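Read from first to last, the chains carry the letters A, B, C and D; within each, the first residue is number 1.
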Amino acid sequence: MTFRQAAWDEPLIYELSEGRRGLTFNGMNRRFKEILGDVRVPEELRRSSEPQLPELSEVEVVRHFTRLSESSYGVDNGPVPLGSCTMKYNPKEALRVAFDESLQLLHPLIPDEYVQGLLEALYRLQEWLASITGMDICTLAPAAGAQGEFSGVAIIHRYHELKGQRQLKTEIIVPDSAHGTNPASAAMGGFKVVEIPTAEDGNMDYEAFRAALSERTAGLMLTNPSTLGLFEQHIFDIAKDVHSVDGLLYYDGANLNGILGRARPGDMGFDIAHLNIHKTFSSPHGGGGPGAGPVCVKDRPVKDGITLRDLLPGPIIVYDEGSKLYRVSWPGSNSAGLIRFGIGNVPQLLWAFVYIASLGPQGLREVGEVSVINTNYFIARLLRETKGYSVPYGPERPRKHEAVISAEPLLNETGISAEDVAKALLDRGFYAPTIYFPLIVKEALMVELTESETKENIDRYVDALKEIEEMARRDPDLLRRAPTNTSVGRVDTVKANHPRFVTPTYRVARLRQQGKQLILR
Amino acid sequence: MTFRQAAWDEPLIYELSEGRRGLTFNGMNRRFKEILGDVRVPEELRRSSEPQLPELSEVEVVRHFTRLSESSYGVDNGPVPLGSCTMKYNPKEALRVAFDESLQLLHPLIPDEYVQGLLEALYRLQEWLASITGMDICTLAPAAGAQGEFSGVAIIHRYHELKGQRQLKTEIIVPDSAHGTNPASAAMGGFKVVEIPTAEDGNMDYEAFRAALSERTAGLMLTNPSTLGLFEQHIFDIAKDVHSVDGLLYYDGANLNGILGRARPGDMGFDIAHLNIHKTFSSPHGGGGPGAGPVCVKDRPVKDGITLRDLLPGPIIVYDEGSKLYRVSWPGSNSAGLIRFGIGNVPQLLWAFVYIASLGPQGLREVGEVSVINTNYFIARLLRETKGYSVPYGPERPRKHEAVISAEPLLNETGISAEDVAKALLDRGFYAPTIYFPLIVKEALMVELTESETKENIDRYVDALKEIEEMARRDPDLLRRAPTNTSVGRVDTVKANHPRFVTPTYRVARLRQQGKQLILR
Amino acid sequence: MLKYIGVKSIDELYSDIPEELLIDEGRWASLNIGFGRPLDEPEVHALVKELLSKNVTSKVPPFMGGGLWPHYVPAAVTEIVRRGEFLTAYTPYQAEISQGLLQALFEYQSMMADLLDMDVVNSSMYDWPSALGEAALMSVRIKGVKRVLVPETINPFHLRVLETYTRPQGIAVDKYKVDLSTGYADLEDLKAKAGQGASSVYLEYPYTFTGVVDVNARAIGEVAHDSKALYIVGVNPLALGLYKPPGELGADIAVGEGQPLGLGLYYGGSTLGILAVGWSSELVRQMPGRIIGLTTTKDGASRAFTMILQTREQHIRRSKATSNITTNAALNAIAAAVYLALLGPKGLKELAESIWYRSHYAALRLREAGFKAPALSGEFFEDLIVETPVSYEGLFRRLAAEGLYAGIPLAKYANWAKDSWGLLSFSELHTKEHIDILINSMKEVN
Amino acid sequence: MLKYIGVKSIDELYSDIPEELLIDEGRWASLNIGFGRPLDEPEVHALVKELLSKNVTSKVPPFMGGGLWPHYVPAAVTEIVRRGEFLTAYTPYQAEISQGLLQALFEYQSMMADLLDMDVVNSSMYDWPSALGEAALMSVRIKGVKRVLVPETINPFHLRVLETYTRPQGIAVDKYKVDLSTGYADLEDLKAKAGQGASSVYLEYPYTFTGVVDVNARAIGEVAHDSKALYIVGVNPLALGLYKPPGELGADIAVGEGQPLGLGLYYGGSTLGILAVGWSSELVRQMPGRIIGLTTTKDGASRAFTMILQTREQHIRRSKATSNITTNAALNAIAAAVYLALLGPKGLKELAESIWYRSHYAALRLREAGFKAPALSGEFFEDLIVETPVSYEGLFRRLAAEGLYAGIPLAKYANWAKDSWGLLSFSELHTKEHIDILINSMKEVN
């Protein structure tokens, strides 16, 4: 497929500003003005000058953002096989429901009896997610995976606090293949992070793990399948071990797509798990959010009749048989706290509701299966037909939803790096894989095709990788000049981060123009 | 502005077909199948083979049309200054209302009392349009301007029929500057078309008109302002003359934008007028429709108590004081007939309702004014700063909403034609003007900026025309290779229409491939 | 800008308009236009929401069809046609910058051709009745006989529109008989009438106001052809998931209504006129409407699309054009293209079956409830006539008051229909419960 | 494909999973997941419509605010964020193919900076409370004192979230007093507490649970700075159309809720966390969240955008990162950008006035009706406390039953609030009639 992205050379919206108006509220104020006169604000509180916002008419605003959008690329444009992200198709019917206008004026403190429809949908979703994960109860509150992780870490913290052992429990174990959010979340919870290396077979190095495990271990965070797309085979032993020192097991659900309908974290010994609605359950990534990251727990005892569900830092929805009403139950004093004002990212949650309702259990299982077949088909073709790419860590093991391939052979032979490969893929109308992650794989290209891609697209994708490999041998300089079919060529990130140039807002550029020295040390 | 349109090299949807499904109805049939068994259709009626439609999943369908859309250009992308089309901005709030989901299941034969909200909105619109045009009563039924014209011609026919003079009244007069739909509509009504030339000053040649006028004259169709953007100055005389032979005056409202709030066809002596909702009243053109073309009449007597309103070939909405209900009144036996099943193109009509409600009379008048200022500013700059373009017909007269410029001087000097200029404009991110129309202007470039374009955009547009003129002198061949920034270069229209190649459907291509000789003689 | 133009005030730009015509600001503002002042967007939004909430929409989808039908509108269709690049585009006069739009319309033409089993489809007419009107005019242009034949049970609205299109040119619209016990055309009557000369014979397929699918569909075409008339078949495209397409029936011209293909009802305001012909130079040359064709770029390097055969159209041929149509229903054609692509042949069949199941289930239950259903014994698909012991209009009105839109009281619109006949329509939107509710209520109210 | 992979059945691809873990098809299908079978799109659509219709939405927009407010959602905002190129994109890791997305986010940051009068804005946090939590952690990282000060009348939900964020690290959240007759902060109390050491002093501006705009806003910042603490100001951005922005108040960090900027309420599910700092290397280096920066292409030929300062983030710095956040609220940030661009400075001011007028008109009418309004005498903007002779929760429930959502019964959520206090919120969605209906009903029910 040839491809050329639109390039409008669109000015900054400030540069388009022409003293016009897109939205007015004048007429609406008339009658009030007649009664109250002019607006009166005490001098010491009055804004001294208008904010320097651009001034445009609606047509100019719409054109500006329409043009910008054509220089963006999403799943609606073509394959986005980013590993660790589960960029599956976002069905349009779910979009229609998620942003239903009737929800625009629903305030989160409206009494339960007036939002029964929404609560019923979310209650069902909450229960479905528990069934899917094999956990007992979920809160839908966290706004994303990372906030789910932090909620989980807060639960771990609270667990040990309630048991009077917080002082002792200072460490959280994380494998080195983990996503950056895991250690970062553990650190936000005030824990020391103990990293465990990955063994040659792709599992966490079990011996190293055993050695690291101690009475200081507050918990373990594990992604399973891992970011390598591999199922952690020692999971039962690991669970037993962590529990033996009264640690809790946290499941990072970002990779649930790979085992959907086949295995469940709740059956593996995990105590806490988050899900990424915007990965597994098809809500769109929106260029970086919003998503939703429900957190589920096994309802195991903590102490004195307190169980893990009491620690959830977000509301849960309960069905009250007596009143026949769905009710929001807010976290109590034993909880790890509260993670948001409101029940969760409702549009994204409704999206998941529609997705699960549409697919049913059968469809969800098929999702997992097709994503696994796609990955393994991709690897099989790639390994059979190329020499520049390898699959480190247990190359003989079947992958689940994703695979990490290494472009190291290619780099060694031709000098073409994973980044070059990525840019060359852009030129061919594909979004690039995640690169240089996980950190343990050199020249990593992390590919997750998801169930949404057709065999034809996978074939085209492998063909593109083959063609790039050949070009790397024939004319590597051409590749280094890629991409040329995107809106712009390679972007200067060094300049972007240079202390004297770094420009995070137009205001900063303006101030510099006015002669102000703005240097970032 | 530099500009490069997206080019996805998108296959035909048939070529993407991979045996998949985007929408299923299987689950829904289960329970019925249990009761009724398999579907039974008599052999002689059963479709013998499945239609050869493509088979794709939803994601592939969405991607396909998303990509195609990026190789299309509308007002949301940038200026579309096509003359005779009034490509103004299409406000998004009107879009939201027009396609309100609550209207999706409203059947046109639902009794009036259950659609009072919609009828009230349409009733108001109907009355507003009468006020705006100075006519007495409108039907919203016609689906576009041309159907409005045909409705008008049918009224003219019926008028003379009712008066027993249809045999005599065989001719309709149309100026040569008229849009092609006018003579075509007159012909569809069974009339002979008499064309009147345009005088040097841009008015219809009054003497020629007088000479053509006779007792055979059934009516006259006039666009005012004309397609030259000029107001017809003899309008009072013309009206008197046509009425003197018992002809009816038809107003083509496509150019109403130019006199909005300043003058009304009803005050000029017109008996019948259509409006283009998708021009003056901001409903989008949708790549060619749907639009809406309400037809209004002066309620003048025909005979025996019958007045022109009785001749309208579409329903009108009336407010019944007794029942306090809005009611649909269908055309009776004196009418010119009926033009559609239903009340009109409802989404487009609601669009106009929102537009007029938003602007109020003041805003509508401003619309007209700004569009006239924009046109005259454009001409002033163009004539002052270029030599390759002229403004034929009364060049000193102020234009209204549009202007027809001629690239004849440029052609004579450099060999660069109006078409070349148009293609070069595309390369600069503008949609091209209407070219080679009206037919009476050589190398016509018909420009209508509308009130939606900013001064900045007009300046950029003139700059582009200047630059093209300069390039025509410097390097005409470069211009002949334009456009190069659009998805594809110049399209071969000769081949497209070649008897052995002409391919109106994929099926025809398929049949040719199978060896079938399909030649168009 | 005024200064640059060289005028002192905007009034100068209107100086060529006769004084008596000019309306001053005050007078203009006093006219009944909008709400007397500009409204802010939130005001308009609230106003319209309030207004639309006055419509009484039923929880049970209406059982009303008869030529425009309630059907499901897939979300993907809505999202695509809302994209500004399609929605706000003009007719693609500049092919190079409008390839996506042109290709989408070409794909509409192509998919519709395959569905209809016809070779050439235009890129849309306004709606079914106007497409029929144009087809009739076309047949007269080709055959020269100022007479067309239509079935007695033709949709009465379509008939009126057809007459409006033909009458000014003095073309007679005559009816051939339909057997009102089966709903099938009376071939003998047709033969006799066609023998007297006609430019075309028209069949509705299925008949929108009886629901019947005529088993004589092929035979009618043969009669037409035997009489040197063209055969025009008008279709509900959804029926073609199960029933023989116009091409198989021998149609020269096919017309129909694309509204069921994902457009929604909008009180009859969202339509798509289908018009297709077989591969005949005469038919193609005489076709009305815009046609998109496949070609290449001039350099031959890539495939491209453009408008073709424009010499038939008004902007070139003026009074000699094959029609006056220009603005048509292009965006609705794209919607239909997206819809057909989503369904594919399998989905279309399933949907047709979905409809068939519901109408036949309803017939069964109606009979069990003591009604005559279908009142016409012929094959039926989406609509069916039920015969009740009472005047249908009364029954209909009582049910409507309960929030059930129980079809169309036929006698109100069609002179051949009994007072006791109602036309009920069923689609994939109706669940078994909906149908049961309808029939139970009919029983009670009856 | 299985054959190509070289496995006999799909089960082989799961062969590395312990036998005991594997769930068979039958068992899986029997779990409580969805409705037990796949539903066709029309089925799901009907089901959800039915479900949502069970929500009781009032004809009168709710008078409920307190940190999330009902506001008008402009149609243009909705249309832009629905475009697939934005909606279905991932984080723009590949800058070259995501320039439009990057530029839109850069423009969000820029417009927000101008609105706040701050220099650096990240491209979004989840919501106000989590932005506050992160700002507090940030202040502790910079200042090292494990204590932050917040006003007594802080939004109780925000407070709980803040505590959730700070508690695991052993950071104390202490309150400084607020004078409950005026609603203004008690500066003496603040001075005393700040003197004991704190990493930051926080102000809500306006206070979301009293509606008061604190006249001491600048002074509080001075106290903070005198005590070597950072000054964090949390804002309702709409107030900044009239009131001094955080930059003018001397804030080091600004946080806030972007939800009023065209996002709608969605039961509290559509939020946008604002986080901004002044130009200080320390502050910028310690900021959480993603930042888009302006740069050029490598060849210097054209302007370009890319993510910057990524070494702060978890994917590079892991446990040393300034936050764990990655997915944020980017699409909502784009919505806010479109919203701000539509309004511009004039629209923003008009809107703020629109809100001011309504709350002040309501106060007037409430007083006329015999209520104490505002119960706190300080400057107020969008929300205000009304004091009634009865328990507010009872009154609220009675009005809710009539379809009027009359604010928030404060005592239910805030321990400093009287039982008779209700927090009413007014916006451009409320007409004079709406407000009159509310007050009349309050009078009657009272």
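Odds and ends about this structure:
Assume contacts are C-beta pairs under 8 Å (C-beta built on N, C-alpha and C of every residue); 3 or more make two chains touch, one makes a residue touch a chain.
As the structure is a computational prediction, the values presented were derived from the model and not from experiment.
The interface in A-C, B-C or B-D that matches A-D, meaning over half of the contact pairs are the same by residue number, belongs to B-C.
Centre-to-centre, using mean CA coordinates, chain B is 20 Å away from chain C.
Distance between chain A and chain B, defined via averaged C-alpha coordinates, is recorded as 47 Å. For chain B, the set of residues that touch two or more other chains comprises 5, 9, 20, 23-26, 28, 58, 62, 66-67, 70, 75-77, 91-93, 95-96, 455. The multi-chain contact residues of chain C, meaning those touching 2 or more other chains, are 37-39, 41-42, 45, 53, 74-76, 78-79, 82-85, 428-429, 431.
If you sketch which chains touch which, every chain touches every other chain without exception. For chain A in complex with chain B, the residues that touch the partner chain are 1-9, 18, 20, 57-60, 62-63, 66-67, 70, 75-78, 89, 91-92, 429, 452, 454-456.
The touching residues of chain D, counted against chain B in their complex, run 37-43, 74-76, 78-79, 84-85.
Across the interface of their complex, chain C is touched by residues 23-28, 62, 66, 91-96 of chain A.
Of all the residues in chain C, the ones that touch chain D in their complex are 41-42, 45-46, 50, 53, 59, 72, 74-75, 79, 82-84, 428-429, 431.
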